[in-house]
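Below: the structure, in structure tokens.
Per-chain numbering from 1; labels A, B, C and D assigned in written order.
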């Protein structure tokens, strides 16, 4: 069994997220940890995982050591089943062909809304961030898994700006906004794995990572969390998961 | 005022274009004459892929200004457009240099100081704006952006109740740029263009624009095009000028021909993110204004890097 | 000079319509006489004529003796510049890339409206015809040339059913219906060539074919025509036009 | 009732489909089990080109009935569907046997006696109905049909004033058939399909339908598909069943493989137009119900005609 000192936070993130994917799924993956985790899943328990990339790719097998610098690069198309226009691949989400959208996040709130546009007032922002890309489309149209670093400034009660909608203001506000399908499903961090309450749609810890306490999770979160008394603990990364992951990213672009 | 061109105007503008079968090959230094200050300019490719870099380079050298630029995802080309003063308005879904380098300091500097505007739409929304423009209709219906603050910032879009189902829908307005800049792997002297691999939104962009300038890795004969007409992606009558520019996307990539020239990109990012004004000036002076030709610019990137990128680019066909 | 007995009505139709086309034009051609006439023009005065077909073809050169049985057949794609989807080629009309739409017609009225759907009451039709195909789209979106046989039952005051709109009810009724672009431009028959009045949008003879009298044209037309006193006469087919045409259609599929 | 599926239902139906990467090859006699009486059925190809004739033949043999069939332009396949009783409703822009033979007497017989409905839309309208269905939106805006009596017959479409420009526009409702029948030149056992040459509306149709049955001239390996992924036109996860049927469009054509088998077509037309009931019965008995297999049907067309059509079909690449 591996110990916490055997892997980085990013490696843990990649492995725990990879485990969320099931064989035969159609998953729309963002760049970075999602791309890496989906590719990892493909090489472990999901040989029939179909990965979609925003640049217009269906069913690629990214080559070890040749991670693409974005999901719009030709490296994303290696051994793909289909290469198509980028609007077309996004429309697959709208039509409903995709099981899971899988993204990273910069800032998230209690309802799973993501911000990647502004820090501070959008009219006079402290920081202008790069924006949505396909994030808004993916989050609006399918079930989402987000992998992100767990810091208090990233886990806030309400995001400054909803770039990619989660459950908006909870309850049925997402559906009422015109988004009846999909929604935030899982958030994976180096501390824990989260789901969302079926009714209130607030974020809820599902399992703690090995060696992480409830207090530690709460301390790093900007809003109150409710822990079930019987909350479980995630299995730590296996040797096989770690070694496969490291073959994929030998330069440690995303797992450092 | 609506951002959508009325249909009368759209048709009148298009019927005024010379759409006849004619040769349109020009030199890189001539392309700036096809673009006026203040034009809306659609940019092909995405992020670091098939970016029409030589065209942007030529427009900056010709000191074009006040361009309103739209691209699905914009990267260091957006930096250069803001940093050179060629553009003060970018319409896109994502704007930075590339995911590897965090947030562009150049974009931040221009947007946060109010020197320039970064108008954000979802990625699909940008695509559907070009598509509506390509189809000759004033809008397309989509579902994303609803419920988000991205929409709250975009009064140009209209939320409706669907007349068929009663559902909420968003109508995004057609985008018909004055000029489109697109780089392709090959086209003939008339402008029949073939694009291998990733298409991004280039076909819709080409059909939506009121003028299209192509750069191409190579010009092939019309006979070659006619041998495989189902590989043509842009028809000649949508194209107004063609320049043969090998490595016309450098330092970005061109599918199946070369990967991005990452050393040059890293050099660039380091320079401008350290000092978005001075570093940008230094970069522009050295790499955009000083070279006498695009070949000289490639020479500054360095032969070894160009060859490395070429070898990697062709390896897509080995897998 | 050729004489009237040297050519058939269909040959005259094809040749007179071909002359309406100019080099460099982009023309959307229907099957039959239009396809034949456009191909003829390409081989005579319009080597740079770009012919579009409904099946999804841009810039084809149909081979002599290999006339396609419809504009959706592979024979339409020979030496084309581009083959694309059929919705895409129709959208080129909507966007405005096409100079002229060129069709045959079964029944036309004084405002250039075409009927190819019903004879009699559409609710209980005497004859159900094949319908619009792309005709409605072409007629709605671009300047039209129609080549058709001149018979009284085909040239009616008002068509039973407007399948492909011309000027609707004349004056600005077309524009008011939501069709500000295009409209019926020329009608070519074996008797005469017609245009449309700039204001009233009623059909108007522009030139008579050789040996045809005004009375003969009026007799074969189901609504009153106004002839200018100085109305001209079309040039009869030349030997070159006829011989080129006959090479294209050696089996006399369309020129019999 | 609106003809448009509400989004909830559309998504629910699609998420219930098995979209995993799996082999789906079945026998021609098994395809009827994928289609229920009363289904709405979208038909690929156009007129006499890439018609999924073997699939229609198999459905008629299985005595399917009350199918509502949509196709951009329908020809003798429409005759057979009406004449066999498999369908009593056709949605199309044009319905006859082919331009060469005038008006189909079979279509006339069924429509004029009220036995069946021929629902007419403009060609572009049919395309945009499939496209809306493919995109997961309830409608697409178009300009044709306005001002015509074609529109007067179609209360399913809605005329609006554009919220951006005030112009009149027509919204045509999404069409999401229960099943699509499509014939392609090649696909792999998962359903990744490549279509050469004329595409017609098959891509939109495939993405719009809730189930897709493909026939293919030949099944190729997934490796071959992955070598040229930009040639894939329909992704595997939209496909539910695959049958390898060489000459699967006979007596119609398949681009680059064979031209129409015109002698058989002429024989057919003569038979049914002389007597739309008795002639049709004779044709169906002899060519649809009697043969034991598709190969036996081809044998009835005759080897010489099949070879002639094949030679002509391949000549497209000689020009």
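We take it that a residue touches a chain if its C-beta (ideal position, glycine included) is under 8 Å from a C-beta of that chain, and two chains touch if they have at least 3 such contacts.
Everything numeric in this text was worked out from a predicted model, so none of it was measured.
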| item | value |
| --- | --- |
| Joint neighbours of subunit D and subunit C, given as chain labels | B |
| Labels of chains that are neighbours to subunit A and to subunit B | D |
| Rounded Å distance, subunit A centre to subunit D centre (Cα mean) | 40 |
| Subunit A and subunit C, separation of their C-alpha mean positions in angstrom | 58 |
| Whole-Å gap separating subunit B and subunit D, where each centre is the average of the chain's CA atoms | 38 |
| Where subunit D touches two or more other chains at once, by residue number | 7, 136-137, 142-143, 167, 169, 197-199, 230 |
| Numbers and ranges of subunit C residues touching at least 2 other chains | 57, 77, 79, 83-84, 91, 94, 180 |
| Topology of the chain contact graph, where touching chains are joined (line, ring, star, complete, other) | other |
| Listing of all chain pairs that touch each other, if any do | A-B, A-D, B-C, B-D, C-D |
| Complex contact set, residues of subunit B against subunit C | 7-8, 10-11, 14-15, 18-22, 134-137, 190, 192, 207, 222, 225-226, 229-230, 232, 235-238 |
| Subunit B-facing residues of subunit C, complex | 23-26, 48, 50, 57-59, 77, 79-84, 91-92, 94-97, 99, 180-181 |
| Complex interface listing, subunit D residues touching subunit C | 46-49, 72-73, 92-96, 98-100, 103-104, 107-108, 111-112, 118, 120-125, 127-128, 130-131, 142-150, 153, 159, 167-170, 197-201, 203-204, 253, 255-256, 259-260, 262, 313, 316, 319 |
| Residue ranges of subunit B in contact with subunit D within the complex | 2-4, 6-7, 136-143, 158, 160, 162-165, 167, 169, 171, 173-174, 196-199, 230 |
| Residue ranges of subunit C touching subunit D (in the complex, touch as defined) | 31-32, 54-57, 63, 69-70, 72-75, 77-79, 83-87, 90-91, 94, 117, 122, 125-137, 140-141, 161-165, 168, 173-174, 177-180, 253 |
